[in-house]
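Labels run A, B, C, D, E and F following the written order; every chain starts at residue 1.
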Amino acid sequence: MATLGLVEYDAAAPEVRAVYDDIMATRKTDWINNFWKALANDPVTLRRTWASIKEIMGPGGAIDPLTKEMIYVAVSATNQCGYCIASHTAAARKAGMSDAMFSELMAVVGMANETNRLASGYQVEIDEKFLTR
Amino acid sequence: MATLGLVEYDAAAPEVRAVYDDIMATRKTDWINNFWKALANDPVTLRRTWASIKEIMGPGGAIDPLTKEMIYVAVSATNQCGYCIASHTAAARKAGMSDAMFSELMAVVGMANETNRLASGYQVEIDEKFLTR
Amino acid sequence: MATLGLVEYDAAAPEVRAVYDDIMATRKTDWINNFWKALANDPVTLRRTWASIKEIMGPGGAIDPLTKEMIYVAVSATNQCGYCIASHTAAARKAGMSDAMFSELMAVVGMANETNRLASGYQVEIDEKFLTR
Amino acid sequence: MATLGLVEYDAAAPEVRAVYDDIMATRKTDWINNFWKALANDPVTLRRTWASIKEIMGPGGAIDPLTKEMIYVAVSATNQCGYCIASHTAAARKAGMSDAMFSELMAVVGMANETNRLASGYQVEIDEKFLTR
Amino acid sequence: MATLGLVEYDAAAPEVRAVYDDIMATRKTDWINNFWKALANDPVTLRRTWASIKEIMGPGGAIDPLTKEMIYVAVSATNQCGYCIASHTAAARKAGMSDAMFSELMAVVGMANETNRLASGYQVEIDEKFLTR
Amino acid sequence: MATLGLVEYDAAAPEVRAVYDDIMATRKTDWINNFWKALANDPVTLRRTWASIKEIMGPGGAIDPLTKEMIYVAVSATNQCGYCIASHTAAARKAGMSDAMFSELMAVVGMANETNRLASGYQVEIDEKFLTR
């Protein structure tokens, strides 16, 4: 159960509703997921977090939105964040991630987590070539 | 200094040289980075790890090689693995990652790490919609 | 379900009861939470862990007990430990953390997790000024 | 060496200089640390990150600035971020953290990291009392 | 609910059944746990992961199978992976881990997680003696 | 450079010297590594941490000292703690870990970190069998 509870649309203050409205318009959907309803207990953090997410995850950048959602899933799986894995896997699928892409994503994430520990565990020095730009 | 030292090509056993040769041929390069030279102290792990990396990271899958390298960087930055950040950032650039793509990648990684903790810290329940396939 | 089960007061050995009694007296409460009941399967670890917690988290130090509980929540959210987030959020509230303080705590924790990855991902060198005492 | 290099004040674009100026004015200092110089390669992320930090870490909230800096150190030590530990330890000291406070902070961070793993490793169920608001 | 669902034996393709059969034969058991049924949606990853696990975790190496299972539990508890803690604790017990061994394992894991943060938080330099082979 | 500096034997207070003496006597060595010299700035944490380490890592328990040192390395590599990897790898070798054992240890640690993310990323439900004692 969310620590401060969930703020539903009908009970939300105008500043919170404005964020909810923008989330739904931006995502072309008619519902708000629990993450935002929990953050809404702190309207300042709700506004700032949504503004950041909107700026970072939207179209028009150097990386396409689907790839960005898959990167989000990669980080969330690495961090073992159950909520984030569930919500961003759903978002990535909505953005076009196929089952085959999901499986490859997981293979890369798994392998990276493995070799991260091999590199640190063996105390491998960074190659000179990697230190120069 | 690498725990077991680095195995240079000239001093390597035939089974290790075979892996080194395949790495260089696959990557169209003429050098081996320290990660593999450290792993080479354990030829079984060297062979298995390279075979896995080759299978996962190569072309022909559902995700393109550049995207896979960027996912590798995302995981490595999340885990704070200095060696892996250095080596896979270099690999991603070689695969075509521009400075603008790198910066967007970092923005996504940073944001995902932030919201992962907001979601867990607020103890947000997973939405019903995310639990059904 | 806890791996080794939970040791209830009535079934506890005298050395375990002595720790339970001290926990309840120190915390001015009449119940023991599951963490201690799980640890009680190993009376040595139960005793040592409680003694450490009591020494570290109590009043009279350079940091007040409420701040220490909030730091505990910060670490637990960073590590994604569900049990610890739940139990230490409750403890922090009992010690006086308001909803506004909780929300600010989460904002700091989220931001720190974000910039931790930006700093490592961009491979930022530590400034000379930070290396000298 | 920072992946994209460091943007010094003299070489910075006006939008970057504006952020640098605000950092120095806000912090009452005459220098910019490397973190911001690295981020400055991406002016959008520089602006957004500084705006967020300024909003979150400043005075006037429910948690005082010194406590917030100590929470930042707690997260950074948990994540093993060398740069962040160095920079935020310096910031916390500037904000008034004594050696005794630093040592207590570390004791809490260490203990929290220990019990986080005991709780998860023993698979402790969350107490009913912690699930209700 | 597993993202791509679970592939049961009766519905599995021949290449998946072959892996399932080998898992059951190797482990001298007549059932397959959910981890493999989830991976089976990607037969390539299923095959590779099982082959790696079989090569690494089996008897005949320099470390005995029980110790290897306990190391697996140590990593899983450190990473807060609920599924992995549950499955590898069961595997370790099947391999001979007593309750006393489990409790000692947890004590070591907890302590290591604590001192890992004390070492990084205090910014301790690595001793010269540890840098030479 | 260690945040609070290193406390050398000659400059240490009697209570710190007593701990140093016990460390050297217990480990049958004539030097103190930097970790303890850094902690010595806080004699209470120095005493408590050493007492805990001594109780947990010594002989006579259900797990032998070499295995416990290898578990310590496994956790430290998972957490990317450079100091701890260096110091506990040295300790494990002193306790009898061969190069072959080190390599197998790393293989297990790497694999566990990989499958931890596959299990969480695929959102695998815990099997009923693992939930019952």
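Keep this in mind: a residue touches a chain if its C-beta (ideal position, glycine included) is under 8 Å from a C-beta of that chain, and two chains touch if they have at least 3 such contacts.
It should be emphasised that the depicted structure is a prediction, and the values quoted were computed from it without experimental measurement.
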{"item": "Common touching chains of chain F and chain E", "value": "A, B, C, D"}
{"item": "Chain of greatest Cα-centre distance to chain A", "value": "F"}
{"item": "From chain B, the most remote chain by mean C-alpha position", "value": "C"}
{"item": "Same or different contact residues where chain D meets its copy chain B, judged by the half mark", "value": "different"}
{"item": "Copies chain B and chain F - rotation angle from C-alpha fit, nearest 5 degrees", "value": "120"}
{"item": "Pair joined by the larger number of C-beta contacts - D-E, A-D", "value": "D-E"}
{"item": "Geometric centre distance via CA averages, chain E-chain B, whole Å", "value": "21"}
{"item": "Length of the line joining the C-alpha centres of chain A and chain C, rounded to whole Å", "value": "27"}
{"item": "Set of chain E residues in contact with two or more other chains", "value": "1, 3-4, 44-45, 49, 52, 78-82, 86, 89, 100, 103-107, 109-111, 113-118, 120-123, 131"}
{"item": "Interface residues, chain B side, partner chain D - complex", "value": "80, 89, 99-100, 102-104, 106-107, 110"}
{"item": "Chain B-touching residues of chain E, taken from the complex the two chains share", "value": "1, 3-5, 44, 48, 52, 55, 131-133"}
{"item": "Chain B-touching residues of chain D, taken from the complex the two chains share", "value": "3-4, 41-42, 44-45, 49, 79-81"}
{"item": "Touch list for chain A against partner chain B, complex", "value": "1-4, 31, 33-35, 38-39, 45, 49, 52-53, 56-57, 61-63, 67-68, 70-72, 74-76, 78-79, 81-84, 86-90, 98, 100-101, 103-105, 107-109, 111-127, 129-131"}
{"item": "Sites on chain A touched by chain F in the complex", "value": "73, 77-78, 80, 82, 85-86, 89, 105-106, 109-111, 113-118, 120-123"}
